[in-house]
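What follows is a pair of complexes built around subunit A, which joins subunit B in one and subunit C in the other.
Moving on, here comes the complex of A and B:
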């Protein structure tokens, strides 16, 4: 059953009680929360995701988002993220409850799922090949990701590139796309189809909102994909759209440094990283207009199949 | 610590004494009887993974299933949790070996006997207790008279003391058997430098020179030693029952189980252990350690050990009280293993450990400080 098929009252009741069991990509999560904003966020953004009976027996991550205690919430409304009773973060203001759930889920995956080499990068797919978009904050990575998935690219993830250590394929985790500050109005203007939830202001990252993942990306969330490109986007005001080849060695070093768990995998992390880098074309990408950026990506995806298939 | 201690007598009357370990503790049940997983429902696996993660035993359980040839029984949805934990444990083993090499190099000029303790010792000596072991620090033992040289040498190599209040610094240096933890400036690895295995203020504290004299060298690692098998076991036993906070109590007890099973392969081991325990006056610690390791892990312990330690056993009511405490604090620190007495039991274990570690004239001011002064200071807690 999809979450949107669950009556609103049931959703709230389950969320505050036994929890909502959700399947996101390769992971099952059980979320509990007694907060209205969390129920609203889930119902607006996770409608296409599979939910099961709340008595579903096994979940990878049992998480909760709730105010710390009645007394403290009275003089300073706050919210805590808990992973099965462990609170990895300091509490945040109550208004950031929903983004805290998303950040907490990213944390759960990035520190535990060592069956993947996990790179801090967005990843999208077209014509069977994935484009990995690693980039420091402020480079326009999320804006570009949102633009691409609103233009026919499949969303694999906006934060976590999961590379299967056994197959080298990239697994999808198409949870909502996090948008910050100016990218929120840019994406609203870019497409009528974009649904963006209510923004949380004054977070550590500024104003944050989440975009609902496209229905088709969620429906295909169990399809793994071959890596095709590693592209470093950089938004620069007024710049012409430009795709410039980039050194594979440098790209590898950057990916290793920006992987969440490279150092935890020992020699295997190196092997997986090298196998990946041998299969992909690497580029630096400068852009200022989202339409042009999408057009460039579309041309890349339409180019004839390349010869450097995986070995 | 924000609790008062007024509940102590009340607790003693009301704590139920019957069951040894809570029935919901699946982790120790699986270690006692690995084949029990064949009967597990998916709901049992859910609880097992969660409890084992909280107990720090996921990776060791992975190794247990592999050794028993029953890994294929793990349902597909649960398997990655065990494998991912084992991946990290394997990587940490390599990292610990490398880090110990760095420590040895940093101290090479001092020409002192360098002894590694606990987890790092199990890895260096390639003992079964190294299985699935995760590390937050490396413990070393050096002669007390060399402490300041060791600290300077480690500082030159990049380790330094971080983030402790003045009170905690003074507390360590004056009363503890170790100096404050030192963290490497680039790798963020942490070393605990000990000059003894128990504080001087503890009721019984074995002479470190005596422990060092019996230490055994690590093959292929010149200049490095580990404690003798008996001393290693006694250290593990005393550590468990003198440490105030036991977030990994069950993991530590599992270490002890593996250490005992390994050494018990030697025919005269148990008598050697008994006489060494007497020599170091650690009978009471060993009594408790054997009692709980047997209950949680069904470790085979010969009956003559029970008779040898019988005179060191506490009275019946004290023992019942200790059972009520330790069967709770040693269970996995997961809410499915807790009952309404668990937090009181943790508090009791904390107070008891401090009671054993220092005389009342030191203990009361220390607990007062911990309760009221450090309440809102988020710092590593040395005690």
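Moving on, here comes the complex of A and C:
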């Protein structure tokens, strides 16, 4: 059953009670919350995701997003994220309840999913090959990711690249795409098909909203993909679109430094990372116009298939 | 098993140090110095650097010697070489 098939009343009742069980990529999550904004966010953004009876189904992560206490909520409305009853973060303003759920879910995966080498990077796929997009904040990574998935690329993730340590394949986690500040109106203008939920203002990242993942990406969320490229996007005002090869050794180091669990995995992290880099082409990518950026990526994906098996 | 796992990418390399758990990026000259000292660890350092310079086609007395010495020091500092 999909979440959108749940009547709105049932959704809110379950969410405030036994919780909503959701399948996102390789993980199952049980979410509880008595907040309307959380119910609204899930309803708007997770409609295509599988739900089950949370009393019967096993969940990897049990999370809750609720106000800390009645008294505190009275003089300063706040919200807490909890994981298995533990609150790993300080409370945030109540208006940031929905982004806090998304950030908390990212944290759950990045800290606990040890079967993967997890890199802080977006990842999209076309014609059977994945493009990994690592980049520091402000580089236009999420804007580019949103533009690509609204143009026929499959969303695997906008934040967490999950590399299977046994197979080297990339697993999908196609949750909503986090958009910040100027990227929100840019994506609204880019495509009529973009659904973006209500924005939360004055967060640590500025104004934040989330874009619903495409239906096809959610339907294919159990398909793992071969890595094809590692591309470092950088949005620069007025810049011409340019794709330039970059050092594989330096790319490896950047990915290792931006992986959540590379150090924890020790020699196996090195092995998995090297296997990845051997299979991909690495580029720096500068752009200013989203249309041109998408066209460049499309040309890359249309190039004859490479046989970059690990060696 | 060797303490170091070395993966060359062209003239550059990345090295995983199993003793410290650290991973290092070696730029071309640093990687060349690293390989030269691993191949002939018993020789005196100035001879190894001189011999490497000849192999790389570097003229004697050029800035090569200074750069190679610096590369050697950095390799010692991060624990990839213990040459004295």
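Operating definition for what follows: the second predicted complex is superposed on the first by the 307 of 311 C-alpha atoms of A that agree within 3 Å, B and C clash if a C-alpha of one lies under 4 Å from a C-alpha of the other, contacts with A are read in each partner's own complex, and residues count from 1 in each chain.
Please note the rule applied: a contact is a pair of C-beta atoms (placed from the backbone, for glycine too) under 8 Å apart; a residue touches a chain by one contact, two chains touch by 3 or more.
Being a predicted model, the structure only gives us computed values, none of them experimental.
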{"item": "Touched partner set for A:8, first subunit B, second subunit C, both or neither", "value": "neither"}
{"item": "Which of subunit B and subunit C A:256 touches, first, second, both or neither", "value": "second"}
{"item": "Subunit B versus subunit C as contact partner of A:247, first or second or both or neither", "value": "second"}
{"item": "Touching partner for A:85 - first (subunit B), second (subunit C), both, neither", "value": "first"}
{"item": "Which of subunit B and subunit C A:266 touches, first, second, both or neither", "value": "both"}
{"item": "Touched partner set for A:274, first subunit B, second subunit C, both or neither", "value": "second"}
{"item": "Overlap of the subunit B and subunit C footprints on subunit A, listed as residue numbers", "value": "263, 266"}
{"item": "Subunit A-touching residues of subunit B, taken from the complex the two chains share", "value": "41-43, 45-46, 50, 53-54, 75, 77-78, 80-81, 83-84, 87-88, 90-91, 94, 334-335"}
{"item": "Subunit C residues touching subunit A - in the complex, by the definition given at the top", "value": "5, 7, 9-10, 12-14, 16, 18, 21, 23, 25-26"}
{"item": "List of subunit A residues in touch with subunit B within their complex", "value": "28, 57-60, 62, 84-86, 112-115, 263-266, 268"}
{"item": "Subunit C contact footprint on subunit A (complex, rising order)", "value": "247-250, 252-253, 256, 262-263, 266-267, 270-271, 274, 277"}
